[in-house]
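Following this message is one structure expressed as structure tokens.
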């Protein structure tokens, strides 16, 4: 059990816990906005930890860079989607967005 | 296909998908659902085809089925795109997304 | 040369037909010239061939369509008998039709199908194999249907539908019979009849039944005759040519081919199908005459008389004696001549004096003398009074019946002669001995020469065929030549 | 002579190029004027090549099967290619006035031309392909082009017919695809020639054969799967329905012929063959009965297609199931190909003629036929001649086909099929003479007419099917090139 | 060993998600489950070692088909189309029976297959050198079975013409799809500016890398189509009118180029023959042309037929 695999195991379990938290949050929370909140925050953090764990196993710097790129893109995408859905479901404000 | 190596497993999974998809294709009345079922059956067939190409793990997956499956996926997409456009157009014209003979209750046959 | 002759004769009928279809309605002169020219040319060629075939020369051409299906054209004595009759009468009927339909509508279509129908009839006569016979037999149905529905009113469309119903079903049955026979014996040619002796009797009987039923529709055997009276709604030249010459005779001709050129009369008797065929023919003869009695329309009366007269030919073919066959074959020509005269006259009565029913015909003799004379000659010939042609064929049929040991045939002939008299004589009486009714249209003149010449010509021919029966080139002479050369047992 | 060897390639490349041009620079008169003669030249080249040198086999890209795809142009495929070229060529010329490109381009006016050329290329691709997966892509290509043509009018009825057709077609292509996948998994090759040499009795091949047959039967609208054909073919515009009804079901039937007679000749069990024959027979009777009850012209002609397709499937019980040829198998096989080709000409001619009658009358009820012989004699004559072929009466190609099938039925002792064939002819007469009889009725002078030049085209196409009936010796021998064992005549 | 467990779990998950997609009561839910199903199948393909197919399945099977279906569901919901009642239980039982039978048949066929058949792997490997490309799948796709791919690209063209011909006559000449508009400064607009450069880079890379590594015209083309759609959704760009000559040129360019190279091959030895020495360059030009046309066609398929005037 070299340091790297131990580090990966730790980080992935941590990430897993955040994922479970996020999913439970999404199912349990009463209204749209809080569910969105739980979803984006917890899952992105979980993903970040798993990516860090994977980086430890990565071969060369190129793979590390690709993993980081994946994480950044995932965060950006979920941020934008959360914003658009939130705006679309704001009470009373009819957003003409198709 | 002895034992449960990856190829056999996924081939059986493909067969299962074909069964599920076919049920969806026959049982559902809504056109979009039948389209989803069509895509499920399609990917099931491709899974069977691809898995049958990967029986020799030592040689790696057989490239010919892979190429054919990519062609198949694009053709399936093309069919789905045309069907989606047809369903939308029919919904605009006739206000429903099912064929008349499938409509329970009112007599489909004019 | 002898390869191409049959094709040339066929072309003389086909080419005018195809050209006429695409002629405009008002090109009357070109159309008439084309049709009459074709008819005359054909007559010339037929006369030339009469001499040739008389000397024993045989013309044959064959080309293979598909393995197992080849078109064989063969001119033997029997086919010449039928072709001579149809060519002569086609010429006369074209003359008659030009006069009769003068000023009518859809004439290019009419004359196109008219000569196509003669092309089919010539094809039937020339066919050297069973399948070629079937090809032209079918073409005849297709060519005659538009003529039956020519007027385009509801009655003729309904008549057309019955006509098709019967003829197409008949030809379907015929096709099954032909293919079944050919699957047992290979392609059937009239020149070399297939050896049927080896095959089992039951399938032979079944095939025989199928063939006769298929041909019986056009030969208007009893039960299959319903289309004929209904087809009388067609214009007079159509009923004249079709129901005196082309359609009905094709059926009878086919039955003669089947009985003599395929099975052979001996085999027909052996599988004892000869007697039932003779029985059906006799039943039709009597049935036709009885129904004719009850008709009050002139053309339906002639139609039912045709039904009964055609079965004389079938009766002749069914009896196991040479003379009976000669009687049957010669009646094919005689009945053609006499019946066409009657139809022509009926057409003139209708056209010039508006006479449709028998009770309107009183005193027509005074107003239309020439036509009435021709009608009388035809009617007396039908009854079988010598010296008109009808008598000769009935005489031969009677003696043939005795020869074949079937005395009841004479009884049938006698009864039918009485019945013929019973429905023709009252008409003749009304024509000559009754004063014209109050509203009888007084025709100013009897009509254009082109309308009167054909009935008079055919009446004269009928009389000549009777008078000069003994001559070699007379129908009777030719019929005996056929029987001696081809069917001597 | 290397030129004929190019014929297979050109017969797909030329219509594709024409289609691309039709998309970018829509000038139909020029395109049709160039493409149709060019394609007829290519067809002549193909016929010449096959007649002299036997089947033309072209390994695309130089790669021999099993790796590459082989384009095979033998007697059968060239016959279908020529039939397609003549039919679509005539249809395109007839469609010129109906889909004009004026200064402001219309939807259907633009869309019809690329779709027609693409359908032509797709059909040629199916007829030439010797590789099962390539056939899948080509058949999908045909189906999608047909779907677009069926829905071209854009009204609810047409879109509904297109969707119903899509359901059957999708099921068909999935079944076919699964069959091809299993065959590749079992034998490692997709080429028809190579498959023929392999023993095909293992479960995978039999399951594959069943799936492929079911799939293609659905696409050919064989009896249980026929519900989509009449509304689809009646709804499409007349030139389109002429192409659809005459050629599209023939493409999937052609593949069935290739599969059962070239790829796996022994695999067919007797029951499967009799089942296909029975379904064909039911199609004949059922299609005809429904056709008699139709009172709309295009529906009637569409139901007649359902019936006529039944004839094609009689080839399986008559000639299928055994590699070594009995004397009658060649006759039955050629008979069904004759029927397919003469039906293509006659059905296309009939749909075009009906199209003209409907154009002149403004509606497609039976009364549109009134007085046709006076108003439009050539159209009436074209309808008459094509009806003669559909009824299988002499002198048409339909009769030669019926005769060959009948001889084979009697020679092989299966008399039931003979009765069905003859009954089909009489039923066809029943539903075809109804509209034809109305052509003789006097019209009350309220319908217009179509210029004579256009009327001549359907007539020419109908006469083609008659010519096939008269000059049938040459096509018969031509069809035998490339057959594994050309048995002698069908009778002895 | 862990691989086998992962595979089993993956298969069960795929089957479960597929069932959810088919039997789901709510239509939108089914479509979302279908997208998830697509991604899982892509994962299955990676497990089978077929990376090209995984890429295609994810991009086209799950991605584009998903977008099409989601768009359709939204469009139907706006049109007020109601869900029909489920079919009668008797029919359901019969259909279930048929499906179990079908799956069983396929299973029997699979069981009957010879476990160590190698298919054409060896043959492809031998000829790989002559095909001019490193990636065997691209070699098969664009050289050995290039004819399939040619037909396939034309199939895309047919479908686009079909979709366009479903427009209403009065809208012909207009721009495809609906006018997308987002607040200029809004989140979507900025995202629409931030992502495209990266997307274009990734797409072009995938197309370029296709010759020697997994990738190729179809997968790259789909990525480029997705980028265009995103930019359009962000309201920054609008589709040109349907009758625009340059739009039609782009959608025809790919197949036309492929056909031209194929016909040119006739003079160099045979239809679609790519001479080994410059096969690589030829394949790359074909892939570039195809990628362009495929991107345009797929994007326009998602946009749909013209539904508005040309202003």
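Letters A, B, C, D and E mark the chains as written, and numbering starts fresh at 1 in each.
We take it that contacts are C-beta pairs under 8 Å (C-beta built on N, C-alpha and C of every residue); 3 or more make two chains touch, one makes a residue touch a chain.
Because the structure is predicted, anything quoted here is derived from the model rather than measured.
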Item to check | Common touching chains of chain D and chain C | outcome: none
Item to check | Smallest count of steps, each to a touching chain, taking chain B to chain C | outcome: 2
Checklist entry - In terms of CA centroid distance, which chain is the most far removed from chain E? => result C
Item to check | Chain pair showing more contacts of the two, D-E and B-D | outcome: D-E
Next on the checklist: From the C-alpha centres, identify the chain that is farthest from chain B.
Outcome noted: C
Item to check | Length of the line joining the C-alpha centres of chain D and chain E, rounded to whole Å | outcome: 31
Checklist entry - Between chain A and chain E, what is the gap in Å from one C-alpha centre to the other? => result 27
Checklist entry - Got the chain B residues that touch at least 2 other chains? => result 18, 46, 48, 52-53, 64-65, 68, 71, 75, 78-79, 82, 86-87, 89
Next on the checklist: Residues touching two or more other chains, restricted to chain E: which are they?
Outcome noted: 106, 110-111, 113, 117-120, 124, 144-145, 148, 152, 155, 158-159, 162, 166
Checklist entry - Going by the touch rule set out above, which residues of chain A reach two or more other chains? => result none
Next on the checklist: Once the touch criterion is applied, which pairs of chains come out as touching?
Outcome noted: A-E, B-D, B-E, C-D, D-E
Item to check | Touching residues (chain side chain B, partner chain D) in the complex | outcome: 18, 25, 31, 34, 38, 41-42, 45-46, 48-49, 52-53, 64-65, 68, 71-72, 75, 78-79, 82-83, 86-87, 89-90, 93-94, 99-100
Item to check | Touching residues on chain A, where the partner in the complex is chain E | outcome: 73, 76, 79-80, 83-84, 87, 96-98
Checklist outcome for this item: Touching chain E in the complex, chain B uses residues 1-2, 4, 6-24, 26-30, 32-33, 35-37, 39-40, 43, 46-48, 50-56, 59-71, 73-82, 84-89, 91-92, 95-98, 102-104
Checklist outcome for this item: chain E residues touching chain D in their complex are 105-106, 108-114, 117-120, 123-124, 127, 143-148, 151-152, 154-155, 157-159, 161-162, 164-169, 172-173, 243, 245, 248-249, 251-252, 255-256, 259, 262-263, 265-266, 269-274
Checklist entry - chain D touches which residues of chain C in the complex? => result 21, 63-69, 105-106, 109, 131, 134-136, 138-139, 141-142, 145-146, 149-150, 152, 156-157, 160-161, 164, 168-169, 171-173, 175-176, 179-180, 182-183, 186-187
